[in-house]
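Just so it is clear, A, B, C, D and E label the chains in written order, and each chain counts residues from 1 on its own.
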Amino acid sequence: MTLMGTLVTGAIVCYLAGALAALLGNDRWGRILGAWGAASGAAISLSLGMVALASGSVFSAVFDFPSLTGFALRIDGLSAPFLILTGLVGAASSVYGAGYSAAYTGVYSLRKLGALFNLLLLTLTLQVMADNALTFLLLWEAMSLVAYLLVLTEHREPATVRAANWYLAITHVGFAALLAMFFLLSAGDLSTAFDTLRANAPVPTQRNAIFILALLGFSAKAGLIPLHVWLPMAHPVAPSHVSALLSGVVIKMGVYGFCRIVLDLMSGGPAWWGGLALALGVASALFGVLYALMEHDLKRLLAYHSVENIGIIFIGIGAGLMFQSYGLMSLAALGFVAALYHTINHACFKGLLFLGAGSVLHATHTRNMEEMGGLIKKMPRTALMFLIGAASISALPPLNGFASEWLIFQTLLGGSHIPEPAVALMIPIAVALLALSGGLAMACFVKAFGITFLAIARSPAAEKAHEAPLSMQAGMGILGLACIGLGLTPFFVVPVLGRALAGLDRLAWETTVFSLTLPLNTPATFGSMSSPLLAAGLLILLGLIPLALWVIGANRRTRVGDTWGCGRIAQTPRMQYTATAFAEPLRRVFAELYRPTKDLSIDFHPESKYFVQSIEYQSEIHPWFEKLLYQPLIGIFHRIADRVRWIQAGWLGLYLTYMLVGLIALLVLAWWTP
Amino acid sequence: MRLFSKILSVGIVTEPLDNGGEEVELARQVAAKTQKLLGRAVGIREVDAGSCNGCEIEITGLTSPIYDLERFGLCFVASPRHADMLLVTGPVTRNMEVPLRKTYEATPDPKLVVAVGDCAKTCGVFQGSYAVVGSVDAVIPVDVFVHGCPPEPSDILRGILAALDRLPPK
Amino acid sequence: MSSLFSQLAVLGSSLTLIFALMLLWHRSVDAYTTAFAWQSVVLAGIVAVVAYFERDPELYFVAAMLLLLKGWLIPRLLRRMEGPFGAEQELQPYVNTATSLLISGLLVLFAYAVCRPLVALSHLPTRAGMPLALGLIFVSLFVIASRKKALTQVIGFLMLENGIALLAVLGTYGIPLVVEIGVFLDLLLGFMVMQLFVYRIHETFESLDVEQLGRLKH
Amino acid sequence: MSAWFVEIFQVVFVVALAPGLVGLIRWIKARLQSRLGAPPGQPYRELGKLFHKEAVVSKNASWIFRFAPYAVSASTLAIAFLVPVLVVPRRLDMVGDLFVVVYLLLLGTFWLALAGLDPGSAFGGMGSSREVTVAALAEPTTATAIFSLALGAGSTNLGAIVAAALNDPWTVLTPGHLLAFAALFIVAIAETGRLPVDNPSTHLELTMIHEAMILEYSGRYLALLEWAAWLKLFVFLSLLANLFFPWGIATTLTPGALSWAIVTLLVKLALLAVVIAVMETRVAKLRLFRVPELLTASFVLALLAITSSFLLR
Amino acid sequence: MIFVLLLLTPLLAAATAALVRPYRLWVGWVTTVLSFAPLGAALWLSARVLEGEVLTWGPGEFLRADALSALLALCVSFVAALAAWLGPGLAVEDGYDAAERRSYRVFSNLFAFTMLLAVTAHNVGVMWVAVEATTITSAMLVPLHVTKASVEASWKYILIGSVGIALAFVGTVLAYFDFVNLAGEQASALNWTSLLASAPSLHREVLKLAFVFILIGYGTKAGLAPMHTWLPDAHSESPSALSAMMSGVLLAVAIYAIVRWKIVVDAAVGPAFTDRLLIALSLLSLTIAAFSLLGQRNYKRMLAYSSIEHTGLTCLGLALGPLGVFAAMLHMVNHSVTKSMMFLLAGRIQQRYRSTEIVEVPGLIRTMPVTAGCFAAGMFAIAGLPPFGLFISEFALVRAGFTAGRAWLMGAVLALLVVAFIALVTHLNRMLYGTPPKSTSVGEHTPWALAPIGLCVVILVILGLALPAPVSRLLNKVVEIAAP
């Protein structure tokens, strides 16, 4: 057996053993052994991806099960990055989960949780290896189902069940689309190997249908607007290490599938494919962050940011597709590489943030930011990790979010090479909106970190918070290091990803050279950036400033006093700026979009209206898509359902009339049918 | 455009230094002192501890083009954290006792306190009122009192000078 | 000879159809039972005529069965049921008499249209009655659908069965005996069960109005 | 002359002159207000004083509060390294382009906003909230303006853009370029907290943006933050000056070219200082919720810039 | 021998139950044990059929069993055994009195007998008689407990069922008419093999007419829209064991009849005609079922509508060529197992909560964890999720559609399936989670009764993961018959 074969087997064995251990073990050992199984399996997945990337070799195997002939697996350059991110986030969240899930002991089933967690990782690992449609679809459905059950972990909360319903509904819509897509693609025979499909060329109309279906199906999983609604519902209610996996890896499978179909199996299409993906990406990026800003549930906020980042990834892919259709291969490659890079990065920092949010939840038992505050003193390591994640997701240099977003900007700038006026207008708008969403993301994470961790505790729960146990810290640590590492090494990551993509058979950019020089020289040579030098420079400057202060003999005395509040008697938590207040200016700015409902009720003293007893201010945002798209849609369906209910009116004569009419109708139909 | 023509026609109205007069003399001394002691940059935080606002009107006069406090490197700041000197007016009322103390505590060392107006020293007509704690120095250490009800801007400048004088050499 | 046979068949078929139409303008269950009994007698007559012309002893047997079962036994049972529910009348059917008749006419026309290939295919002298038989089936179906009393529906159903038997006799001179016996048995059992349920409905709802059977919806 | 020496010299030059520029603006403003005003050197004195005072830190604040001044000044200094002030092309061009500069600015804003929230004071939170709002809304304009400049130069590298403008001076007068200048100028105003977006000399907490965030700082921390803010202004203005009016910037490392570059830069900055001072005298501060309108206007300008760049290319 | 076991044991059981008065519990057990004889016979039959035999019996080959019959016999006898095992009459606390128990034991066995006769009769006339008899025998059981609702349901059932089946007889007569006109009168004329043999020479127009009547007629029993209206009422109001039999196999038997006729008509007219009719009716069924599921408030009715949906799917499969027939037959088998299991579980739930309203049975997972687990598995199965058999058969069905080039049709079907899926899962979650009413006791009361249910789940999973070779061979033989 080859090295990769051994690794694949090893990973499967580890996951299954972990699942078994979780099922059979008692609360404590099942939890720990299950986590070990998951972590070691994830580590093997990670190394599998690395081996695949490093060696450039392709692993391929076909298994025959009694009913399912041709369960085909294959690892190529496109699978490898996803294996790596699965492994990274998987390992971190398993380690984290070992500690985190202890809180469920005696409340919810740990066995189910542990076993399903292992199974989810298993399906995720195998998903990117699927080499025919049947394998792909089976794993896809298995993954969705396992994820669904994991979302349902805390099933006693009504919100959880509601979220799970939404998730399953949307993912099933996606699955139906994918089923149709694969049937069209493979002309009915789902067990055709992907290699054969690459060689086939469907007719253009069918290609377009396939593309639309693929976009629909995969964006449902990825959480692209308008199919994103399940994300902010399902991610918060799942256990945090599962949320990390959901947001870090599961939704990335949508990206993977889209890439697999559109880049690999049906390489090349008309420009509007790219344009559509780009437009959806831009919309997702903007709306995602806008709704995140208004969110005070820490995990919901993070979930909306997943929508944003998936949008950014699709901007990269869309731009790449557009360039591809105009024959600008090196720019296309740049776009795809940027998208893949951002995919990995997002997995790392969003995983990290969800784990951090989980630690906060673990310590305070609330997800509401307005009840947090001051946690940086109680849980300094978690705070540091969350800060790293927040800085990464805000694309602050020199962390990893910046590296990939910079690449995406560079890709978009390449749009100037396309002489179409439509593109000429589209690209700058995309640049502008991407930049806007970047700025808003920064604002949002200042809020998320600042309100959660800084200042003084806003509730007794936050006052009693405690640092997370070591295993949880370790889980966060892994991803924190990954964020820093990926941020500092674009000069290494980008060529590797480029080579991985160049390995795909149908892509015509083998000739593209991704140089391995220290600064990140992009192939289009639009701009240059070197994050290691930048990081080094920042570090040196950080050291130099205190030195300079010492040289000029600055006063080093520091006195600790009260916070200045215009001389008020004492500071109470209620005097602090709240998350709502923090986001208020932006809400006013985007009021047209949010259309907030305001409810101000003032209770006056019964004797005089100059004495106010209490003021209550309530303001709610109804997400636009839910209000304008889903509610009417659901309304239509329910209206149809109501109409259909009247078919069964309980009236026997009517029923018999149906028969008579049905008979006559069929007789007429038979008349006309040869 | 009309604004600019107005600016041109008015010119500089700040009283020139070589014009003689008490204020200018004082100002010159202040300039010298501040330069020596606080690098000729002093942030002033004004605290109204319960005054009738007469003093405030005069203090505001200091920032007008005529007196133009800024030319000496003095300026009013928005936070005691940024301040080097507190300018306290009025008798200290009960409600302002703690805030005054807090403001004093919030100001980083080295710092000065100038109490402006008669009320700050004697509580003036408010003396004995149930709402009044007492003079400013009953609450925080005061470096210099400026008399007058209200004192003229020049008096205030004099007070500032006196205070700067008391600042211990660093 | 053959034309007489054909005449008789068509005459009989028309008569059965007219008896079915009687259900649409009469209101009392008693009249319905009578109509059904006479219809069955006519049907037995047709079978006997066919048996006579075709010299088929099996069909004599069928005719006898028909006469016994549908001409005598079932009407008797029906009359016995009228005792307890005699007052139940078809006062307000879903569709009024005039419209009912109009619709029936249309249905018979439709039956003619549908039967064109049948008539074209067959060379039996009885073929001209087939559209009427099919019409009878349609009209019976319409009766069941548009009437409100459980008893009326039972009679409508029995007429539907008559229509089928008529169709079989006219088209093919009867179906194989095994099947015929099975059908009779089924018919009898079916009628018994329906009768049982009519009693049950009356017990449970104290009325035979099927409009009351409206609680199971959606 | 060693290239690396020039890099260091540039930073020292920028750091040293930054307070002076602010002093100059203040002085001109004072004159326009018919006042004598403080001499242009006043900011140096303020810095000196602050460095020698003690620092008072809120007991609620965490390490974020103490670290932020260093982070802010480090990121601003890094920008000072990256922006071409005196010479093009430079060694450090490869470290970062215009996007890097923009995101370094965001980095500074990020830390400062966190520091504003840290002591738990209502003013700080208010300032942070407003600061990030303005920063976020300025982003699209910046990116679009950069795009339009990059279109002309074929690169987002600052050195390349300036060099391109030098090679073909007439591009500076194209509508795309002029519109982009206007857009970036508004952004610069917003980013550096000048009127009409923010009033640097306000004493009213409720109208503050930048000041509110640093209300809690004192002593050396305040000095660092003030210096960083002034540095930002200086860098922004010299960037504007060099991107749009590159004449005079040195293309060789000869002392003569350098001195000429210094002179021209100072002249350009002085002109810009006059412009800013005049403008600040002329306009009143906008209500906070009208700031987005201004920024939208700048965004539209930038979009027009890019469109005309596309069409006239 | 096989036929004796298959057909006479149910009759024997019915006779035992009818003759022993008063009713004793041992009678129930005897009939239960006897109900396994047909199952054994069906297995034996299937084994023989797999070897390529076609079994016949009686004068004029009165009974005849090919692969299609064997498959149906297997389903019927399995579900009948299940219903005997879990139906009323075995335990003291099942909530029925002696007369009701006897009635159940008598008529359920007669019901099984009529269904087995229907699928083994050679003569399509006899088949019709048997199917008509199923209506009578099962209608007797619907109001086992006489309530207004159950009487209403049974009246609707019997009237609609009888009328429908009468129309099927019209079809049979028309086909016979066609045959007689071409080949003359003969005793074996209605034998299926003779019909099939002479089909190519039959008159097309008449056969088309006949098929319309047959489709409407048997379609009524199968629950195809718009003749499905009796189905939700009867399924929801009858005792669960009977619902299991009706939904599990009665529908399948009706589909069997349609398949038999479709083979003949296809041989004469070509498949395009029957396909079109089937597609029209099944699409209508799917639509009505999917949207009815969405607004459903009663879980037994929900299961009934799901049966309509699956009947629609099965009939759709019949119209999609050999691949589709394979999928349809597999779907039918899967549905038999699943739906009978589901109705039995629904009966357990109803017994515990005393309600069939979805909103009144929250917290199932806490009150009856095992039942809830099986119920959830079954719901996932009927919603079409892996790893259950229905997923594979639906998958195969969609595949058949795409292979047959009916992409748009399949698109519509997929969309409707999604609607049904969402409805089912939402309802399921409403039942599983939440807080159960205070009065509801917690714990599995009769755990032994879950053994057969567990068996069903296992069978479903096996059918979903690895279609056993004998099953697939049997199905292939069916396809050879049904779509030559």
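By our rule, a contact is a pair of C-beta atoms (placed from the backbone, for glycine too) under 8 Å apart; a residue touches a chain by one contact, two chains touch by 3 or more.
If you're wondering where the values come from, they're calculated on a predicted model, not measured in any experiment.
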Topological distance between chain B and chain D, in contact steps: 1
Fewest touching-chain hops separating chain C from chain E: 1
Chain whose mean Cα position lies farthest from chain D: C
A-D compared against A-E, more contacting pairs: A-D
Chain with minimal offset from the mean of all protein Cα atoms: A
Chain located farthest away, centre of chain A as origin (C-alpha): C
Centre-to-centre distance between chain D and chain C (centres being mean Cα positions), rounded to whole Å: 98
Centre-to-centre distance between chain E and chain A (centres being mean Cα positions), rounded to whole Å: 45
Separation of chain B from chain C, taking each centre as the mean of its C-alpha atoms, in whole Å: 115
Geometric centre distance via CA averages, chain B-chain A, whole Å: 58
Interface hub residues of chain B, defined as touching at least two other chains: 79, 81, 106, 108-109
Residues within chain C bordering two or more other chains: 114, 141, 144, 153, 210, 213-216, 218
Residues of chain E whose C-beta touches two or more other chains: 155-156, 159, 163, 167, 209, 232, 292, 295
Which pairs of chains touch, using the document's own definition: A-B, A-C, A-D, A-E, B-D, C-E
Chain C contact footprint on chain E (complex, rising order): 123, 125-126, 128-129, 132-133, 135-136, 139-140, 143, 146-149, 151-156, 158-159, 162-163, 166-167, 169-170, 172-174, 176-178, 180-181, 185, 187, 189-190, 203, 205-206, 209, 232-233, 236-237, 292, 295-297, 301
Touch list for chain A against partner chain E, complex: 65-68, 138, 141-142, 145, 155-156, 158, 161, 164-165, 168-169, 172-173, 176-177, 179-180, 183-184, 187-190, 209, 637-638, 640-645, 647-648, 652, 654-656, 658-659, 661-663, 666-667, 669-670, 673-674
Chain A-facing residues of chain C, complex: 94, 110, 114, 138, 141-142, 144-148, 153, 210-211, 213-218
Touch list for chain A against partner chain D, complex: 373-374, 376-377, 383, 391, 394-397, 402, 406, 409-410, 412-413, 416, 421, 424-425, 428-429, 431-436, 438-440, 442-443, 445-447, 449-451, 453-456, 519, 525-530, 533-534, 537-538, 541-542, 545-546, 549, 552-566, 571, 573, 575-577, 581-586, 588-589
Chain B - residues contacting chain D, complex: 3-4, 7, 10-14, 16, 35, 38-42, 65, 68, 70-73, 75-79, 81-82, 84, 106-110, 170
